[in-house]
Amino acid sequence: MSIVKSKAPAYIPSIIPSSDTDMFQKKGGMGMRMGFGRKPALLNVDVTKGFVEKRFDLSCGKAGEKCVQQILRLLQKARRKKLPIFYSRNYPRFGAEAGRWPDKGTGSSKSTLMRTEEAHTIVPEIAPKPGECVITKSKPSAFFGTQLVSLLNYFPIDTLIVTGLVTSGCVRATVVDAFSYNYRVIVPIECVADRGQVSHEVSLFDMDMKYADVIPLADVLCYLAGLRG
Amino acid sequence: MSIVKSKAPAYIPSIIPSSDTDMFQKKGGMGMRMGFGRKPALLNVDVTKGFVEKRFDLSCGKAGEKCVQQILRLLQKARRKKLPIFYSRNYPRFGAEAGRWPDKGTGSSKSTLMRTEEAHTIVPEIAPKPGECVITKSKPSAFFGTQLVSLLNYFPIDTLIVTGLVTSGCVRATVVDAFSYNYRVIVPIECVADRGQVSHEVSLFDMDMKYADVIPLADVLCYLAGLRG
Amino acid sequence: MSIVKSKAPAYIPSIIPSSDTDMFQKKGGMGMRMGFGRKPALLNVDVTKGFVEKRFDLSCGKAGEKCVQQILRLLQKARRKKLPIFYSRNYPRFGAEAGRWPDKGTGSSKSTLMRTEEAHTIVPEIAPKPGECVITKSKPSAFFGTQLVSLLNYFPIDTLIVTGLVTSGCVRATVVDAFSYNYRVIVPIECVADRGQVSHEVSLFDMDMKYADVIPLADVLCYLAGLRG
Amino acid sequence: MSIVKSKAPAYIPSIIPSSDTDMFQKKGGMGMRMGFGRKPALLNVDVTKGFVEKRFDLSCGKAGEKCVQQILRLLQKARRKKLPIFYSRNYPRFGAEAGRWPDKGTGSSKSTLMRTEEAHTIVPEIAPKPGECVITKSKPSAFFGTQLVSLLNYFPIDTLIVTGLVTSGCVRATVVDAFSYNYRVIVPIECVADRGQVSHEVSLFDMDMKYADVIPLADVLCYLAGLRG
């Protein structure tokens, strides 16, 4: 099987000193390109109102809004190419079902808005169409305690393109699991966002060194264009 | 059940701007203390020669060596208190068993030293004693594709103290899974290390905001001292 | 920890010849009593209208109806003793979400009644009360692709009492997973039922030989009575 | 994708009364043929000395020996067709690592032979060749707490042919998980065996009704012959 690889250089944010990149790249040999396989799927992680719209306490603000626009471009292309398309979302839970989230404070912010069903609704710009699967989850990774790996096996797919919110949280946890399940994992840079700029940048770097190809959206669109429908 | 909580403030490295901490802590309410339960276990992640000793390409250098000394202090206390004690380690694999690691370059460095059995041997300073379990894994998380959750259930435990290498890699992946399994997760700051300083610092911050109590070793030792044997 | 054990003999249906029981019990030493731990939970598997009420194609008929009455007795006791209480149920799915069920014919019977939400509603006799968790699943085991192990860890529990429908299907798959997660697994004989009598009897035998204590409901009630509330 | 289906009738042992088969097949619509996909793999479950050779307490006796000969035929064909080939085996464990097996008596038989490494060695007739993966597991299913699903994803495969020992134990548990992961699951009748004849027959029936195509080896060989290499 011939693997298509992006020629984009490794994602190195300016915050990372060259002493660190030397350890990862020069000494460790990491950060190579994994490449695309032949059967990709698209997974949009937690692109829900509570993480996008500013009125919610866990919003990513402007970064989230911009990200949605870029996901939409990718989604339209993926639909045209008939990729299997998946979404994940959380939903409000209490007691044991909420697990350790409230113990760390997440979601227990002063306003109770994050506990509404609305907070966990996928934003209308990229609303799922009939036949596209929405996975409800309650932990960071879209694989944890869900049917996701079974769903991906059904096709089966070999490459998972991951977008969404937030980079250092549910996106990263999902990417680590996707890598562990031996998929080729692709993260289009413009299609993920976070609340914190440093966490965002450093998670992109960490993922590109070890778990996924963190590359420009343009390279992903170009790969999809070359796929036979 | 009364939960013991460290009074240590959230772990905020200087690299994180206050605009980011405002988003996480003030607006999002994150970074609270989860606390210790009553039945802790200790898990030492990948404290193997290949990640500690300088002659290996994936070594953490001085940070790794210092970290081993601190883990030893914790381990001695944990043994005295008769905690269930676990270790994880990788081992050399090829083909499908190596999965996507070689695709990203990890472990395929110029020297072949990382592919030896020796590279994946736990360092002698904290060598496992009879009755302590060693989990062999092949992905970042010590839970992924292993019996770890079954082993923890056997006791059962409610709190997992996680140490080892590397902070932004196998430690973080293990912590996210432990959080997802609803354990109380504790990361003693001095007992983890990484190759890259920024990745190390930011992963500690991310974990403390969302998934674990990232606290001084002294607080962990103090909690263990107060446990009935 | 002192483990309470039922004194009931192994469950040997008349259909099993003594040449078989000799292999399992005499030669293999199997079928011993695992016993009850100290922190039990109750899990009622798929006690939904579609598996109980005769108008549905996948009903267990009279056996199902009788079984519900016995589960109710156990449930009332468990509620009084404040055990964590869980239910599982399937729900109608299509395409990839239905997976391989339709390929084997299950649920694609002539009538479309099994595909309604009503078919997957827990029967009113044992309807969940507030604070009792309902797990929606799409595969045989209540653990597969669900948060169940995380939920059980939250308490944590060491013993899982499993009831429901059908013995050779979702009950058995759940029991094998519970055994694999190292819980002490208890199946009260009167509280499980199946469509086929032979499948029912032989699954009870298989489970009692290897994975669970298959014992009279009276023994389970007696154990619960002895628990401190 | 065109799915190849065996024309073999459902596997109905004489021990199953027609009142039962009516419930499953006529009323429930079960027992249809799932069919073969395009990318099969072969998994030989626990074909180890302890389950085959008569000197071990957990041996399947003559049934086990005959079964090995049939697995060999399938294995030779699979190797010629370059299928990914997997084996599972248990290994001797103690304490928490042994989990609940000793509590039910399995493996704690009077002789200590089952606790030797030799008992868990794959029989020489079908010894793994270089490049064929051996999965060590400690629970019934070859998927539980192992990398198996990651390994299958690596290729990826869509069809899993399962052989080995014992039918009502590790084979069935593996088949239920393979079904749950949405693989097409095939069990060649001559290639599985059990200690107990009734457990063997009824597990074949249960699996054919719900989770797998239980079909003659000849049909599997015929399908493989038709595959492009």
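Going by the order they are written in, the chains are A, B, C and D; count residues from 1 in each one.
Methods note: a residue touches a chain if its C-beta (ideal position, glycine included) is under 8 Å from a C-beta of that chain, and two chains touch if they have at least 3 such contacts.
This structure is a prediction, so every number in the text was calculated from the model and none was measured.
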> Across the interfaces A-D and A-C, which one involves more C-beta pairs in contact?
Replying inline: A-C
>> chain B and chain C share one sequence, so how far apart are they rotationally when you fit their Cα atoms? Give it in degrees, rounded to a multiple of 5.
In response: 180
>> With touch defined as above, tell me whether chain A and chain B contact each other through largely the same residue numbers, more than half shared, or through different ones.
In response: same
> With chain centres defined as C-alpha means, what is the inter-centre distance between chain A and chain C in Å?
Replying inline: 37
>> Need the CA-centroid distance for the pair chain A / chain B, whole Å please.
In response: 24
>> Residues of chain A that contact two or more other chains, please.
In response: 96, 99, 139, 145, 149-151, 154, 180, 182-183
> Which residues, counting only chain D, touch chain C once they are in their complex?
Replying inline: 15-17, 19-21, 23-24, 27-32, 34-35, 57-58, 61, 96, 99-100, 103-110, 139-141, 144-145, 168-169, 173, 176-177, 179-180, 182-185, 195-199, 202-203, 205-206, 209-211
>> Quick check: in the complex, which residue numbers of chain D touch chain B?
In response: 84, 95-97, 99, 131, 133, 138-139, 145-148, 150-151, 154-155
> What part of chain C is in contact with chain B in the complex they form?
Replying inline: 39, 149-151, 153-154, 156-158, 180-183
